[in-house]
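Below are structures written as structure tokens.
You will see subunit A twice below: alongside subunit B first, and alongside subunit C after that.
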Partner chain A sequence: MQSNAALEYDYTVAKLFTYTTIVFGLVGMLIGTLIAAQMAFPELNYLLGEYGTFSRLRPLHTNVVIYGFMLSGIWATGYYFMQRVLKVSMAESKLAMFLGKFHFVVYLVIATGMVVSLFMGITTTKEYAQMEWPLDILVVVVWVTWGLWMFTLIGIRREKALYISVWYYIATFLGVAMLYLFNNMEVPTYFASGGVGAITHSVSMYAGTNDAMVQWWWGHNAVAFVFTVPIVGMIYYFLPKESGQAVYSYKLSLLSFWGLMFVYLWAGGHHLLWSTVPDWVQTMASIFSVILILPSWGSAINMLLTMKGEWNQLTENPIIKFLILASTFYMLSTLEGPIQAVKSVNAIAHFTDWIPGHVHDGVLGWVAFMVFSGLYHMAPRIFKREIYSKSLIEAQFWIQTTAVVLYFTSMWIAGITQGMMWRAVDEYGNLMYSFIDTVTVLHPYYAIRALAGVLFMIGLVMFAYNMIMTMAASKKLTEEPQFRSPMA
Partner chain B sequence: MFHWLEKNPFFFAVGVFLVIAFAGLVTILPNFAESARPLKGLKPYTVLELAGKNVYMKDQCIACHSQLIRPFKAETDRYGQYSLSGEYAYDRPFLWGSKRTGPDLHRVGNYRTTDWHENHMWEPTSVVPGSIMPAYKHQFTNIADIATAYAEAVTVKNVFKTPYGNDIQPGVKAFEAYKPKVLAEAKKIAADMKNKDVKDAVAAGKIPEIVALIAYLNRLK
Partner chain C sequence: MDIRELQAYATLFATIILAVVLYWYIVYLYRSEKKGEKDYEKLGDIALDDEIHSKPINTSDPLPEKKERNK
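Here is the complex of A and B:
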């Protein structure tokens, strides 16, 4: 049907999002490292006056890494592989090109607004939905634009059957759209009060327990549809491409995809165990969290088995190292989550450092590693140069792996220590420790975690340097590499 | 069926949407009305308390403090009666938090005083040796945004039928008329404080953030 001549894909937008991935990664993780250090050394709270306290910076860290680094990474890779699996170039459609560029511009506006407003303390405080209503409206614009772009490209595709990665990106689009819209229902007070007070302020449509339910229906599924669904989509594209191996099982990918879609949304309530939400909701959330192991491990095992017979690549290619360790961390994280969702475990784990520990073995070990491997794989293909340094990737891999292990092990110990101390009673049944005892005891673990942050940051700087040198100074390629990415 | 769906993106998207939307409907809707009911006798936050809640949000106290006492003996011994759904009926947004780097605050008004909070926010280690909480000295000079808090009271009264009195009305004029009541409440708090700048500001008709925040914290019982 079509000619055999390779299509000339257009990577303008993929490149733009690649740049923002690097920039937001550096900014977001630098703030993260700073706030980790603040917990061990509180004097660091006073570097920026009112704007530099742990509490002001914490949402800035989460928002910049999630909506800056991760989303940029998801879009950089999306604008790259969508064209390739649909066998259509963005250059073929003026509309697709316009939507892509418009998407990027509005995204930059939001990201800037987000950083400024969170620094100023303008926030709704709902986790991962802190942006106030004017930015929320722009988020809807950006999201719809991205969806339109995706469906425009799908509309003119040459490859009729949608590849697995595309399923996951469509699901990301729909899931976040639904959840974000409902969770951010808010009434701007300025307009509802006849023009009194700040124009940016709003109140939530829901109160108390209901607000908590809707928030964690969103909060947990932001994890689902930003940290998991598109990232699984990425690994389904990049692992086969980089290794030259076909995906192990189509049936397993089907089961994992539809299973994940159905089960994930139930699990939000596990953030609210032992709270005032109805008991039956808590129990359902607990049960579905455990069931969630199946579709999660389904994808991860499918990826590991894709390497069957080709495990030697693990020693030869550092990008494969990143990809394989990422799916391994995904397995760890998706086993740890359900354990924490068991009510008796949650009674100890909730509110402690075990939770950020769990989050970070997922986001650093799984999401960040996937973003790195995706961008490394893309670099020779979009910049038409070989990767600047293989040994730098190797070094980055080991430094960051050490960082992730230090992070979650220290936080496991810290969390369980604190959880046990909160409930410890003496022989007469009185509480054994005052609250401050349970804080000071954590100092060594906070120091280790800060060190982990510094190590991860060093690896990130290596990544940024390697990418920039690849763009600017690496050897030019005459033709596109087929599988394994060329590196010096 | 799946092969067919993969070639028909529209129906694929519809299928995905149905599968993911299902859980939300089933878990959130059934108890929605019940969960929105206030506890009998629960009073809405005063305008000053709302301003304090907004300071609590602006400085993100929620990053380290929860407002949810779970039904365990260890928690009720430490913090008091476990939390009830109806107590939160006027909390927009809910401020349960997800991390206890510091202790729970849902009933902090029962066991801490204005004086304690003043010392604590100025220099946490002066009352809690070993504390890793930063000082919030800027709250002593920043002026609280009373207008926005008033606008919030008007909004929840008119949109969500929160039971405020007839003196809470839309418009800048109504706000100007209401302001002295907020100041009177602030003066009561400032009377128990010792910081001179704060006292001077309140005497001059301005309300520093710390005063509003303490009003809010004292209300948490």
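Here is the complex of A and C:
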């Protein structure tokens, strides 16, 4: 580790992940908008032969937005703020720099392989774990590399106390590492059978109910350790830094952290309520899902209280708007989830459109808004230029907020309608509706969701344009801004 | 007692133990700050003052003068 007066933070890798965040965001959400439109207008399934069907595109959408857009955003922000809160530059360690760049290159190989293989229909069919075994092995390489980078930087830090955001990123690393290994235990059938079938094909090492339990232990904790834990880590850095206000209660952030770690791991079973898993697993998952409100709201309220006495910033700074609405959507989503996990509510909600409605108020309103605000905050610091347009951010904020509201309200109505119609019986106990009756009733809500997708996509294009113009054509800054990000 | 029942009891006891540890941690955090042994809130400044040449905060121990005041 060297020491010299001209030492600066090195944002090379943060920039690379910023680019992939934008590209994967555009690709993943474009596919999402198309499949939302396919639900309303099924003839759109036949645009590209087998490559354009809903069943082919849906896993592509989820994987590209989660492992493309979201993970890139988590890493772009991580490679940015970890240096800053640890007060050490990547330029000070050749190893850290090598690991960071190697991480990015292997990640890009996997992401490309993921897009191509899913387009070709090569899939394990396990939700959020569709990549086949060769890519799974590369994922382990990428994850370990990221962990090594993080611990290398922690090892040479000047700031001895680890800021709360670093705790959340470490938890992301450890949580996903453990869960991923267990859920992706699979047998490549070509080798196990002595050369029969496709070389890429594999089957899970677990069977039946056990497979389902491991799958949802992973599935729900992908939500925990990819959609939630690192995003909470992001808001604990970006909101205080952008507003110039220290986190309202550091103690509450510690409590919420341990509460979240303690409770989240047990909640995955709520995806299997009323199924063949043991009753006690279902009850435990329900109870822990409800308790999960406490640590989630602990963090979200902590963020809102951080703005105490500074609420004027909400009207003046569109990045603060994104950050505050993100934490508000986090509260909404983490209240809605536990409600859906109550067994009696789940009996109506399960398999209905209320579930994707819930997912999207979380991932669009909370995760995507956090990624946007994080990258907007970083842009003037990593590109040394002011943000290209404040009015574009304002317009993006309102268009995308409208989109999220349209998405979840339409899916609430659609989901509850669906659940009620499936269960409705006449005076003799016969089902009152056939499946197609529900489809007919739900058509307007599917059309509203497709419109919401188009609106969110318009906002995303505005974000991409604003970021590209910031990199290429915006006014250069002579000094790094301390708190509020400068914008034209 | 079959394996499923054992698993259920193990889960119950693990839950109780972890809940006790979590509550003990809450008490520890607030009590140590009240006694003046720790000042967790100053760690919040790590995010605000994050220039590479800024003086690190390093510890949750309170400043010496604050320690004196709390004696």
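Here is the rule we use: the second predicted complex is superposed on the first by the 481 of 488 C-alpha atoms of A that agree within 3 Å, B and C clash if a C-alpha of one lies under 4 Å from a C-alpha of the other, contacts with A are read in each partner's own complex, and residues count from 1 in each chain.
Quick note on the criterion: a contact is a pair of C-beta atoms (placed from the backbone, for glycine too) under 8 Å apart; a residue touches a chain by one contact, two chains touch by 3 or more.
These numbers were taken from a predicted model, which means no experiment stands behind them.
Within the superposed three-chain model, A:A212 lies in touch with subunit B and out of touch with subunit C [touch as defined at top]. When the shared chain is aligned, no partner comes close enough to touch A:G309: not subunit B, not subunit C.
Of the two partner chains, subunit B is the only one touched by A:K126; subunit C is not. With both structures placed on the common chain, the touch criterion links A:M284 to subunit B and to subunit C. Of the two partner chains placed around the shared chain by superposition, subunit C is the only one that A:K241 touches, whereas subunit B remains out of contact. In the superposition on chain A, A:F351 makes contact with subunit B only, while subunit C stays out of contact range. Once the two complexes are overlaid on the shared chain, A:V85 sits against subunit C while remaining clear of subunit B. Applying the stated contact rule after C-alpha superposition, one finds that A:W258 touches each of subunit B and subunit C. Contact with subunit C, but none with subunit B, is seen for A:Y9 once the two complexes are overlaid on the shared chain. Overlap of the subunit B and subunit C contact sets on subunit A: residues 160-161, 254, 258, 262, 266, 278, 284.
Partner subunit B is touched in their complex by these residues of subunit A: 38-39, 42, 45-46, 49-50, 53-56, 58-59, 121-127, 151, 154, 160-162, 167, 170-171, 174-175, 178-179, 182, 187, 189-190, 192-198, 201, 203-204, 206-215, 217, 254, 258, 261-262, 264-266, 268-269, 271, 274-278, 281, 284-285, 288, 347, 350-353, 355-356, 422-425, 430-431, 435-436, 439-440. Subunit A makes touch with subunit C in their complex at residues 5, 7-9, 81, 84-85, 87-89, 158-161, 163-165, 236-237, 240-241, 244, 246-247, 249-251, 254-255, 258-259, 262, 266, 278, 280, 284, 483.
The touching residues of subunit C, counted against subunit A in their complex, run 4, 8, 11, 15, 18-19, 22, 25-26, 29-30, 33, 40-48, 50-54, 56-60. Contact residues on subunit B toward subunit A in their complex (touch as defined above): 2-3, 6-7, 9, 12-13, 16-17, 19-24, 27-28, 30-32, 35-36, 54, 57-64, 66, 68, 70-72, 74-75, 77-78, 83-85, 87-103, 128-136, 138, 142, 145, 147-152, 154-156, 158-160, 170-172, 174-175.
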